[in-house]
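Below you'll find the structure, written out as structure tokens, and then a few comments.
Letters A, B, C, D, E and F mark the chains in the order given here, with residues in each chain numbered from 1 onward.
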Amino acid sequence: MRDIRVRELWQKQQCAFNGWLAIPNSLSAEAMAMSGWDSLTIDMQHGLIDNAALVTMLQALAASPCTPMVRVPWLDPGPIMRALDAGALGIICPMINSVDEAARLVEYTSYAPMGGRSFGPIRAGLVDGPHYQASANQRVIRFAMIETRKALDQLDAILQVEGLDAIYVGPSDLSLSLGCKPTLDDVEPTVQQAIEHILERAHAHGLKAGIHSQTVNFAKARKALGYDLVTTASDLRLILAGAQDLMKAWRAP
Amino acid sequence: MRDIRVRELWQKQQCAFNGWLAIPNSLSAEAMAMSGWDSLTIDMQHGLIDNAALVTMLQALAASPCTPMVRVPWLDPGPIMRALDAGALGIICPMINSVDEAARLVEYTSYAPMGGRSFGPIRAGLVDGPHYQASANQRVIRFAMIETRKALDQLDAILQVEGLDAIYVGPSDLSLSLGCKPTLDDVEPTVQQAIEHILERAHAHGLKAGIHSQTVNFAKARKALGYDLVTTASDLRLILAGAQDLMKAWRAP
Amino acid sequence: MRDIRVRELWQKQQCAFNGWLAIPNSLSAEAMAMSGWDSLTIDMQHGLIDNAALVTMLQALAASPCTPMVRVPWLDPGPIMRALDAGALGIICPMINSVDEAARLVEYTSYAPMGGRSFGPIRAGLVDGPHYQASANQRVIRFAMIETRKALDQLDAILQVEGLDAIYVGPSDLSLSLGCKPTLDDVEPTVQQAIEHILERAHAHGLKAGIHSQTVNFAKARKALGYDLVTTASDLRLILAGAQDLMKAWRAP
Amino acid sequence: MRDIRVRELWQKQQCAFNGWLAIPNSLSAEAMAMSGWDSLTIDMQHGLIDNAALVTMLQALAASPCTPMVRVPWLDPGPIMRALDAGALGIICPMINSVDEAARLVEYTSYAPMGGRSFGPIRAGLVDGPHYQASANQRVIRFAMIETRKALDQLDAILQVEGLDAIYVGPSDLSLSLGCKPTLDDVEPTVQQAIEHILERAHAHGLKAGIHSQTVNFAKARKALGYDLVTTASDLRLILAGAQDLMKAWRAP
Amino acid sequence: MRDIRVRELWQKQQCAFNGWLAIPNSLSAEAMAMSGWDSLTIDMQHGLIDNAALVTMLQALAASPCTPMVRVPWLDPGPIMRALDAGALGIICPMINSVDEAARLVEYTSYAPMGGRSFGPIRAGLVDGPHYQASANQRVIRFAMIETRKALDQLDAILQVEGLDAIYVGPSDLSLSLGCKPTLDDVEPTVQQAIEHILERAHAHGLKAGIHSQTVNFAKARKALGYDLVTTASDLRLILAGAQDLMKAWRAP
Amino acid sequence: MRDIRVRELWQKQQCAFNGWLAIPNSLSAEAMAMSGWDSLTIDMQHGLIDNAALVTMLQALAASPCTPMVRVPWLDPGPIMRALDAGALGIICPMINSVDEAARLVEYTSYAPMGGRSFGPIRAGLVDGPHYQASANQRVIRFAMIETRKALDQLDAILQVEGLDAIYVGPSDLSLSLGCKPTLDDVEPTVQQAIEHILERAHAHGLKAGIHSQTVNFAKARKALGYDLVTTASDLRLILAGAQDLMKAWRAP
């Protein structure tokens, strides 16, 4: 069985540095995997990853120690179970706004009796080995995204849903939902307050907390706040930001 | 920001000529895009387009002035938001049969406070520019497909759902639902009556109306009726019809 | 119109031998299609088949007499109708646990008035010919997977849902749900009892019964029990088992 | 063993009607295959077909009676043998300008002792059956493209190369090479003369003759001249021409 | 007809800033295309671009003003003509070591009477319009890579080959060939001398000169030297370098 | 730097057990990689592997200890260097029939001064690390396929070409060339004699010898003969043979 680096860090009370994959390609994924991230999340919601790319990208991560995670498009059993069968060891699910939704996330990501995940870990079992079935419920990391006012209103109830491992904050959607400008880093005070509140409640309920950022400075600031997993910079963002820097340098006298 | 040709035509009270893409390929899409359509709709319901092809096909349309639209497979938030993030500027959603379904269509296609679309316009923002977030709710065109008896029964209520831009008639499904033979063009009188009724009610509520046709003659007849967007002939249909004509000519003495 | 071998066998009260496709590739699919199966099922649930591969795999089966079937990821109208439009003549739907779910399966797989399948059989009509629309409701084989305790509790009610053609047993999930070790072949007595009970009730209601197995010996035993379609060995399993045998032979003195 | 429709027609002294595939997609290929062509040629030279599409396109032709042929990119052993192994039963090779080149074409397309084709008919053997090896040298149709002044100068010598089955005229390149405007149909007199000369010499040497055309009228005229295989209209051309017709009809008053 | 930005800059005696695409993906290509490069080169030699990706990547560049170029794998007519037919307006050909090789590069990239390029500009003609055939010989930019001692020895003769537009220096291969460590930027003095010599001779013969660099500082230095096109940073390099920077920042106290 | 298992075994005078990949898919490749082979060869000659699949398949092998090798389509610099850049650590080149061809194989697979391989190990360097350039000439294993009478005639001269690591016998082509029935295992006496002769000469010149087989029994027999690498059973063959066994068992009473 492979080690799960994110869980190892958490056991040592350390913060995981998570990268983000938006390009549907296994070569960019492999380049990221060689770069030292603790985990990499394949974004099937806003990233343009399709199911064929998902498989080759998970394979491209397999030789590196980073934990392979997937942000699924929505709280639907089909894509969630598929990502797990393909070998994802962490699931980040958007828009968990109620106890019922949180419970369904656990149900879809857990075998009976804990949940109702259908059995057939085609690649997960191949890569992880024969013990996969017995350990998957304990190994898979379930992140519920807290990113709306509605979710904030239900926060404590959501956090008590058994089987949830962590929450994950999406600052852009949270900003939009709270009537603020959607941004990942330099959020408005209302949003910043919510970010701190969610962290505090998650820890109070014994859950871990992750959060999306754009730049490493904000990622570090949120680590300093106490977040347990911080994301920065997708592969696509690195290309865009890097090219922008080059243009600036090129045009400079 | 790109102009949206369909909206421009509508502002001038003109009818848009919409083409249809069923082949999951960017070269056929580009050939269609070079052919003068006002808009092209990538059919993810009955067409065989997958998510990887969706991206490359939207890219193949980018250099042409035609408005890129997607018919989504069903009223599901995942695929709808994904099509928007990939750059679709119009969404045609099948089987909108109730006020609740129409409202969900608006919700899935609109950022807060108008709806609950999740923020992350990965390609849409790249192509459209930094103003995308502020303008997307106004720019994206939402078509609710009216194609069942049930929808007809709820028509006025559906048409009052705030945020809906247009309806789109699917004559085949409408025919089936009304107990008639499924056909796109030469529909039975009951269906023709419904087609005219839907148009009249849409305009009465200030919405635009689009409709599917197979041949250009019927498309023109429906334009003459007052429809604001008419579809004809998919890429696949052009191949099949064109080859049939060749065979006939070849075998003729 | 193509013959549907599974239906032909059933009319003769014979058992169909079903193969399983988990590799998203048309060459492995074609190799399987040349191997003599009565039907082949493309697994979009646990197999790693994406929508692009689905199309090419269905095409790879078209020159052989085996019946092309698809196990869909979940009871969702989008993917089910899409598989049918692409040319599947059988649908195996996982996790049918209630009368309502069984009724929805029929609804999604049948044109009006029998159901609410949307009309647009893009490849199915191309391959099957102009009579597809009139005959599809009778030709498509609908399998409801019975694989939970909940489904067992509702079994007779589920089996009475009009339009259902057959049930399909997933021994692994059924085992998990009944508190047993998930396995396909050598199941615990409780599961074996359920397997026999489901068969007896299906036949009592005039439905056919299919079941998943891993090895041909168990497939034959289940045929002997009276099952009407038995599955064994996916393409991927053949590779893994074949390679394992080679390794053993290689290392033997 | 599959029948080879082109060879059957030739035995009856009839002309084969050949379609052309330029879009790298198996669905457009299958639509063409259902349209009644005697043969279909996958164009790997000017068409945008890649090696992955080649395989799925050949599979898409397998259920139809049309003969699957490939125009290879160039006189290179790798791609030629690969097309044959994938199941092509005809090879059209561009730019055969000398006896040596014609001889190499035969060598690359024939097993020893006739040539030096490497043995491993992976899909061809699968589809054609165990007799493939013994019959391939007789079954595969070898077309040498005659399309330059240089080839004209060597014509009789080229036509005597043992193993060649046919020549294939590319009117555009031939026009260019003769200093005329490149066109497929309405060629300048010098080119027309060459087209008739090549045909006459091919028949004199007992070879068959094929030719590329754009429209069916010119294809028929060339059939009337005595050509044994005439090509018209690629899938892409059908889309472009069909869409152009629609635009004209749409804009007509 | 599209403008060719590189030729425009050259007419104004300005230096073009060229980006490099190594990831076989149209989304990363489009992100690069939105970033302001004067030209982008799709690397089919060392980059991992396949023929299917080539098409979608060229399409992804079509909406931007940057000139689409391809570095072909080798001096082979098949891939070179294919890149041109797919829409490349510049060809960078590796390892041109002799007059004969330079002449063949011109031959493969030029229609008769200038060369022997086969006619069939499937996508190039579609995108560029009906004048493509008449102007292609003048529009396509032909770069011969000078990157070996052998080429240096023949330099003046190579530069006199009619039809060549430019040379392109590969500092790594040039270094290896001159017995130095392969590096792109900080080359050994022998190599630097060669780089300056090649530039001087190219200009003396009226040819333009391009060169590969890794960092923008060296690109600017080479522009200052007089190079007419300088390359820096592939998409893949931007990901690797950007991720490395993030790791450093993350680990910094 | 990764260990190269084949070289390790050879240093211990042991025989490597090589598997074969003919299906262009990364999942079947990964399943093979998990099965214990010492090396796996991706067959780009007779297998249907395209360049896109090559990359994902090499990635699918990266987490396993088996040595990734590629059989290239032909002795062409483009595809050979591309396979190396993508990460192949062994190259099997078909149809090496002369000293010149053997020398070219070494040239294409070796950096200067040993050869003329162009520098740009995009994925090889990423996966192998910064020392790749300095060690590649020593690490890459070069197999020249000896499979014709012509090669036999030149055998000793070929074997003396500096830089060659091994030969690889293709029994089918060798049989054809010697006028025998093409078969992999139970070859005619003339071929068997050649197989033993080649082995003896290879060892006499200090080279290793590999050979293709179909079944494990023949593989073992050839190991017993002294061959240093023996191949058996492609992924596709495992499917076909496995399915055939199942059919036999199914039909048995």
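Keep in mind that, in the parts below, a contact is a pair of C-beta atoms (placed from the backbone, for glycine too) under 8 Å apart; a residue touches a chain by one contact, two chains touch by 3 or more.
Everything numeric here is computed off the predicted structure, so don't read it as measured data.
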item	value
Path length in the contact graph (chain A to chain D, fewest steps)	2
Chain at maximum distance from chain F, centres defined as averaged CA atoms	B
Inter-centroid spacing, chain F versus chain C (mean Cα positions, whole Å)	39
Inter-chain centre distance, chain A versus chain B - centres from mean C-alpha coordinates, in Å	34
Length of the line joining the C-alpha centres of chain B and chain F, rounded to whole Å	52
For chain A, residues contacting two or more additional chains	22, 24, 27, 31, 34, 48, 50-52, 55, 76, 79, 123, 126, 236, 240
Touch-based graph of the chains, sorted into line, ring, star, complete or other	other
Every chain pair meeting the contact rule	A-B, A-C, A-E, A-F, B-C, B-D, B-E, C-D, C-F, D-E, D-F, E-F
Of all residues in chain B, those that touch chain D in their complex	17, 19, 22-25, 27-28, 31-32, 34-37, 48, 216-217, 219-220, 232-233, 235-236, 238-244, 246-247, 249-250
Of chain A, residues touching chain F in the complex	26-27, 30-31, 34, 55-56, 59-60, 62-63, 123, 126-127
Contact footprint of chain E on chain F as seen in their complex	50-52, 55, 76-79, 81-82, 85-86, 111-113, 116, 118-123, 126, 133
Of all residues in chain F, those that touch chain D in their complex	22, 24, 43, 45-48, 50-53, 73-74, 76, 79, 94-95, 147-148, 170, 172-173, 176-177, 179, 182, 236, 240
